[in-house]
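Chains here go by letter, A, B, C, D, E and F, matching the order in which they are written, and residues are numbered from 1 within each.
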Amino acid sequence: MKISVQINASPYQHQTADTAWHFIQAALVSGHEVYRVFFYHDGIYNALRDSRPPGDERDIVKRWSELYRQSNIDLVVCVSSAQRRGLLEQSVAKKVGGYDKALADGFRIAGLGLLMEAVIDSDRHVTFGD
Amino acid sequence: MKISVQINASPYQHQTADTAWHFIQAALVSGHEVYRVFFYHDGIYNALRDSRPPGDERDIVKRWSELYRQSNIDLVVCVSSAQRRGLLEQSVAKKVGGYDKALADGFRIAGLGLLMEAVIDSDRHVTFGD
Amino acid sequence: MKTLVFVIDKPLHGNVRAQEFLDMAMMAAAFDQRVLIVFEGDGAYALMKNQHADVIGLKNMIPVLNALAIYDINDVLIERESMKSRAISEDQLLIPADILSRCDIKSRMNAAGHVFSF
Amino acid sequence: MKTLVFVIDKPLHGNVRAQEFLDMAMMAAAFDQRVLIVFEGDGAYALMKNQHADVIGLKNMIPVLNALAIYDINDVLIERESMKSRAISEDQLLIPADILSRCDIKSRMNAAGHVFSF
Amino acid sequence: MLFIINKNSAVIGGCIAKASADDVVLLIEDAVFAVIECGESPVMRRSDNNTAAIYALSPDMQARGVREAACHKHIKFVDYTGFVELVVNHNPVRSIF
Amino acid sequence: MLFIINKNSAVIGGCIAKASADDVVLLIEDAVFAVIECGESPVMRRSDNNTAAIYALSPDMQARGVREAACHKHIKFVDYTGFVELVVNHNPVRSIF
């Protein structure tokens, strides 16, 4: 089955990112396709490259990057949610003198249309939030 | 009276930053001293310089910077909350190749000791959260 | 074409999350999906008249709610039981909405392709 | 020296907010303040034995709770009513805590210099 | 003690039940919905032997279209300046999220 | 319909009351506390003419020290793989925060 996932909350204030990650792993192991993970609202903070949790803790941002490396799952950060909250798309960052490497590896920034496309094309869409 | 404020939530997911800002304005107008505003937990996202909300909306990050310019209130971002979530202190950013201008004007990054100092030195400490 | 239900079960006020949630509904309409918006629980308060978000510098959601019709989103449902227990009468509603029972709303949702929440 | 109360009224699990909250309590102790930790409501669950946060890769809070005593934080209170309505018995508690009534806890808080919550 | 509550949940009822005569409960943000006189209101559960003052933040009421006329009779209203005064006049301050 | 609930609040009771025989309620994260057999449990309010299956996510129970033996008899338990199966076998999926 084709499953899409949406993440609405920041990585460390709630368990959201953990639950979603475990769910995705289980879906992959069960042979399903995870079509896209869409980061919306405060979920966009999951993509901040500069995140540096203490060494004895799980690194949520890095875990997403590894998920992309291993499974090539499309990790999309909503452009308008991101821009409002301080994560700029590379070309915009260059133009306004912001951080042009803000996005962690494996993520891409795009519009809400990609969420709709995922919802329409997938058999299931599961939202995780705070 | 000497009042300190603590902000525990991100700027746009909840009303937290708005309520705190109005409270601080009213405290200043009433002749009280706002000794320090301490940004903790997801509150650290209030200090992301690259935040670019649409033009017809309040700009929460800029509003904090203006508060500092106008009233010189000490705006302190907790170093460990910030580092975990992707906002690095300048010297650390330079060392690890991260964003060394991540912090918006008027904020400074420091340890939890400054929160304790504020609580001990102030007559009141008010926490705003999600 | 899928039927996509957007459930507003908490107040819309005081955060941009609500605004971003309605952006999703309008994007769904722009993708020619069948959009249903459901107000229930404390979400029913979102449809009350006399909201003045500008008083505290927040973005006024009323134009956004009014814009739903422009996007051809006319299926706006509100749960009768939620209105009743919150003392909200029909004449207090800001935009036209079908007042349906919990049971009827549940049936509509059961038939949907997906249910969004925030 | 102030008396600072740290109220844990929600579960400690699944987020670093809880961990950061206890960091504050330990910092307060390091600043030689009188620290009181209160567990009430669903926060009472935080003191239950047999927690295995590592099962889902979360940081284990048990060592942090055990570390409170090292920071000389020995005033740990838990509300009797919260334990009762949640069927938590004294022998299920992870660390030593004084079981007090809602009313007694309220009196202790009233006398505090500040009450922290998260 | 000053209780500051920002959500419309069962917590409000519990807090009012616990409050004593010299306590104050301030409802802000979405908690202001609790003061509307209706079946859902957790503010109803105030008993007579419990006389803690209950305040609602009026700018948050205006933002949400909550009219004073629709509220329980015993509710008092403050603006942000009144909020500051409540903080100044009460200690400790306990925020409940 | 599959309801996914992640908080231990009154919402759980309302949701179970609304659910019908072919619905499933899955309790995750802090919502797993609701399945403990005790006075606070919103899961108690299940009536006999309401037979929606209620599941709790067992890894979240283990993380919190909630033992199966302490739970209501009618609760079923799933791990993340079971969570995925519930999603696959039910449509629509509604998350409630």
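Criterion: contacts are C-beta pairs under 8 Å (C-beta built on N, C-alpha and C of every residue); 3 or more make two chains touch, one makes a residue touch a chain.
All of these numbers come straight from a predicted model, not from anything done at the bench.
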Q: In contact with subunit B and with subunit D at once: which chains are those? Just list them.
A: A, E
Q | Path length in the contact graph (subunit C to subunit E, fewest steps) | A | 1
Q.
Looking at chain pairs A-D and A-F, which one is connected by more C-beta pairs in contact?
A. A-F
Q) Per the centroid of Cα atoms for each chain, what is the distance between subunit C and subunit D, given in Å? A) 40
Q. Measuring from the mean C-alpha position of subunit B to the mean C-alpha position of subunit E, what distance in angstrom results?
A. 27
Q) Per the centroid of Cα atoms for each chain, what is the distance between subunit E and subunit F, given in Å? A) 32
Q | Sites on subunit E at which at least two other chains make contact | A | 29-30, 59-60, 91, 93, 95, 97
Q) What parts of subunit D, by residue number, touch at least two of the other chains? A) 13-14, 16-17, 56, 58, 113-114, 117-118
Q. Out of subunit B, which residues touch more than one other chain, so two or more?
A. 8, 12-15, 22, 41-42, 57, 80, 84, 124-125, 127, 129-130
Q) Which residues of subunit B touch subunit A in their complex? A) 9-13, 41-42, 45, 48-54, 57, 61, 80, 83-88, 92-93, 96, 98-99, 101-102, 130
Q. So in the complex, which bits of subunit A are touching subunit D?
A. 12-15, 18, 22, 53, 56-58
Q) In the complex formed with subunit F, which residues of subunit A make contact? A) 1, 3, 8, 14-15, 19, 22-23, 25-27, 29-30, 32, 123-130
Q: Write out the stretch or stretches of subunit A touching subunit C in their complex.
A: 8, 40-42, 80-81, 84, 112-113, 115-117, 119-120, 125, 127, 129
(Q) Please output the residues of subunit F touching subunit D within their complex, sorted ascending. (A) 8, 29-30, 33, 36-40, 59-60, 62-67, 70
